[in-house]
Amino acid sequence: MFATKGLSKSFGRLTALLNVSFEVEEGEIFGIAGPNGAGKSTLFNVITGIYPPSSGRIFFRGKDITNYKPDQICHLGIARTFQIPTTFHTLSVYDNLRVGAIFGARRPQSADEVLELLGLEAVRHRPARNLDLYTTKLVMLGAALATDCKLLMLDEPMAGLSMAEINQFLEIVRRINQEKGVTIIIIEHLLDILISLTKRMLILSDGQVLYLGDSKEVTADRRVVEVYLGGKGGIAHAHR
Amino acid sequence: MLTVRELDCFYSDLQVLRGVSLDVGEGEVVALFGPNGHGKSTLLKAICGLQPPKRGSIRFKGEEIAGLPAHQIVERGLAYIPEERHLFSDMTVLENLYLGAYPRHARPVLKKNLEFVFHIFPRLAERRHQLCSTLSGGEARMVAIGRGLMSETSLLMVDEPSIGLSPGMKMAVFDAIRQIHCERGMTILIVEQEIQHALEMSDRIYLIKKGQIAFERRREEVQVDEIERAYF
Amino acid sequence: MKHVNWKFALAVLVLVFILLYPWLGASSYTKHLFILFFIWSIVAANWNLMMGYAGINSLGNIGFMAIGGYTAGILAKSLGVPPFLTIPIAGIVTSAVVTLALGLPALRLSGIYIALLTLIFADTLPSLLTQTREITGGAMGLHEIPPFYPGMDKTGAYYICFVFFLVVLFIIYRIVHSPTGMAFVALRDSENFAYCLGVNKFRERLKVFALSSLLTGAAGGMYVHALGDISPTTLGIEPFLLTIAMIELGGVGTFLGPILGAAVIVFGNEFLRLAGTLRLTLLGALICTIILFYPGGVIQLFHTIEHRVERLLNRKTPTT
Amino acid sequence: MENLVNALVSGLISGSLYATMALGLTIIYGVSRVFNFGHGVIAVIGAYITWYLLSVFGVPFLPATLLSLAFMASFGWLVYRFTMSPLLKKPNWEFSTVLFMLGAGILLENVVLQVFGPRVKSIPVLVDGALKVGFIQINWHEVALMGIVLVVIAALSLFFKYTRTGQAMRAVAQSIPGAQVVGINIEQIFGLTFALAFTVTGFSGILLGTKYYLNPHVGWEWMVKGFVIVTFGGLGSTSGAVVAALVLGLVEAVATLYFGAIWVWPIWFVLFLIVLLLRPQGILGGRT
């Protein structure tokens, strides 16, 4: 349902993405990982139209959406969250969701549905600035979800959460995927979480595809281990 | 030489560091490991004054420097080489290096330091009149490190020097850092993803996870599984 | 809930007072001041809608008002169009001209460029006016523009402007509390997130730009029919400064701020007349002082007082 | 033909004066990103102080100018230290500094009006007589002005290239974190930048005051021309500002010759609009 073909992005002389191609199936949870500076967030920004790609194409449900603007991409059914917890901090929780519902979905009642789905009724009238990290992340997720998206892109949603919160959050991600049939692309740093959550994943390194395939086999890939733990075969390799 | 105690640091409302304590002794090389987004860079930025801490103490050569503006910290002989490099892109390599010697105490020894920089990075000597915006990633990294050395520093903090570089360039950068330590006896605090390389050159390591020091080890005592577990 | 009620009561009280004022021994002069207050608070409120809510750093709104004023004046004087038509036409013409010539280009630009472009736009108008002396009266301006209705007195003008004032404020209130208003808060809090949730900044801003210039142009029309004349001095530095002062003094980005600011400035400016030539010096100093030391304006002062009073009351309740 | 050539020559002269006018703006913007909406009045103040020293105390031109520039430098530093510095630390500083400087400009304009009165003043010309080459006639005074402008521009570029402070200003303009990392005191450099820019602006006011009549309000017109020039040349670009000033000086002279002075402003506006739409980073500003 979603694919990129030969996507590249450079900023001046810096190449952030080079020839990245992958496909995501309808209803799938697809993982993206890679070390810092590998180009994961840039990939998200290019897909959601914040930066235009330098070359390559992006397809969503058979439609070429390369060079679409972020609001157009949202209206087609792709929503995203950000690595840095971002909400509209002067608006209430409910109004945060309403921004997505009114402008993204053009269907105000979707805000109420999301409020219920994520169990945010209790904090509905609270201003978004006074929330703990976990709830802030839920609100950000909720606003994205309220756009009636078909594809949800999550950028390191678990960073900074406690183990218990991570498990709770994973449960919610699975529910969104199963109950609402939303396809999900998730960037996550902790590989074990990604392995348990996804069937397939993409590993980026220096802006290029290092690994694309079955999540279970990723730790067996020598190059992946190398990238994560440093050159010369990595300490893990040297140790074994 | 550097003593950090109970440091709390915030990124707007988000607490990034929680009671971090760390020591770097004179002449030591200390490496800081930990997964991304867990506070390594923030710690370096807090020490060098770019991201003032909310609570806690940072003592450098016995003086409290927490909360001082960055330029006063540099003047005390502490240099930070940012991961993002922050070069002056419309200036030449040489102009960037000269600006590295901006603190007053660095100017009398400018020549000596410049020679040393060109000694460890001969490539920069060739490109001294080139604009920084036209350099490759590796060369730009060299300028950033060289600029830090120019400030006549006694403690060098290097943030992810190998990030985004080709394998060959990575080796060159690590060699240079090793040289800086061996030939100048510089005290170094390094954040690095290439654990193997960083481990080889360091005396001690710290591992940061979730904004806290998970453990501290001498190089001989490092358990590789321990690090692996923290990352995966 | 209680404090909402007393605020509402206060607002009603003020409105009733304004409604009855002509019968409470108002002089022709004080009625004139109220007319000025009605019109300027509309100009200020619309400017604030652009600047404070939509983040459009316009410095040309006085120019919009002048375009509306001249349009209405010329239509009424030269072509004999009745005022109930000239005012809407003034608004529409202003909005069309300004949105096409200024809004479409300016809103694609960022920050400082909007300020530059709008300021230079307003600066260009006086020379255009002198250039077209035959219809605009050049530096002399237009005089003896027909009033709202033949034989109108100050009380008539007072009530017409008052109704206009209420209608425009109601419209602005609705915009601020509409999805468009929410979009601006969202854009201010996090532009990229709003963008990715489907908010089109350019379109929302253009809407506000068109509407706000329409209402400002209409206010210009009200101005010429209520006061009878307009000249390039309307475009001068003093009205510009006065309006900026109203918004800053009242509180940027708040609904009531510019209205309060307009009240203080319009009535206060009369006292300032005593200061003679020092008046502009004092105004400049006032604006600087507010921006530097009290960026929230009068509204913030009210909020602080309100909080203090509430806290005082809360502290007393348990003890008594 | 004769008229055209003379117009071009006078366009070149006013263009070089506009260039010094634009320099102060672009220096402040380049380093601190503050757009000085009180710029014109600063120039006027510089000119008035010089005029006052010249005509009331009979101080010779050179010391009068130096005294006035010393005042401008300290004034610039004070303005930064006590108004811009706190404002820059608040959110929405971009527009609040604009409004503040606008308010301050009007305040100062009226202070000038109170102190010196509304009557037109003029600073005496530096040299009398005129130079005649064929049908072209240029006053020696104007030749001197062009020479001074050239010297000022050269001196500034040497300052930015070779002095420690000048390099630090460029460094701050290019990367604030980079400047912090090498130990540059940002606050100090910002303050010095304002001092320098006010000095240059005051000087341009003095030069303009020897060619045009001086009144308390003339600064606004100078300032708006400065705005258009720096936008043309690319905000923060010194060389761009100089070239743009010369081009616009010529355009203005030719437009006045063929269409009359009344069309000068609308033409500036249209040019400005075109530049903004085609290249918001300015004709000569390469980078955004």
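Just a few scattered comments:
Note that the chains take the letters A, B, C and D in the order they are written out, and that residue 1 is the start of every chain.
Quick note on the criterion: a contact is a pair of C-beta atoms (placed from the backbone, for glycine too) under 8 Å apart; a residue touches a chain by one contact, two chains touch by 3 or more.
Remember, predicted model here, so these are calculated numbers, not experimental data.
Shared contact partners of subunit A and subunit D, listed by label, are B, C.
Each chain gets a centre from the mean of its Cα atoms; the one farthest from the centre of subunit D is A.
The chain pair with the larger count of C-beta pairs in contact, out of B-D and C-D, is C-D. Subunit A and subunit C have Cα centroids lying 45 Å from one another. Remark: subunit C and subunit D have CA centroids separated by 33 Å (rounded to whole angstrom).
Computed centre separation for the pair subunit B/subunit C is 54 angstrom, with centres defined by C-alpha atoms.
The touch graph of these protein chains is a ring, one cycle where each chain has exactly two neighbours.
Across the whole structure, chains are in contact as follows: A-B, A-C, B-D, C-D.
Against subunit C, the residues of subunit D that register as touching in their complex are 35, 37, 83, 86-87, 90, 94-96, 98-100, 102-111, 113-114, 220, 224, 227-228, 231, 235, 262-266, 268-269, 272-273, 276-277, 280. Note for the complex: subunit C touches subunit D at residues 51, 57, 59, 105, 108-113, 115-117, 119-121, 123-124, 127-128, 130-131, 237, 241, 244, 248, 277-278, 280-281, 283-288, 291-292, 295. Those residues of subunit A lying in contact with subunit B across their complex are 12-14, 35-37, 83, 85, 129, 133, 156, 159-160, 189-192, 206, 219, 228-232, 234-236, 238-239.
Within the complex formed with subunit C, the subunit A residues making contact are 48, 50, 69-71, 73-75, 79-80, 82, 86-91, 95, 98-100, 102-105, 140, 143-144, 146-147.
Contact residues of subunit B toward subunit D in the complex are 48-50, 69-71, 74-75, 79-82, 84-91, 95, 98-100, 102-103, 147-148, 150-151.
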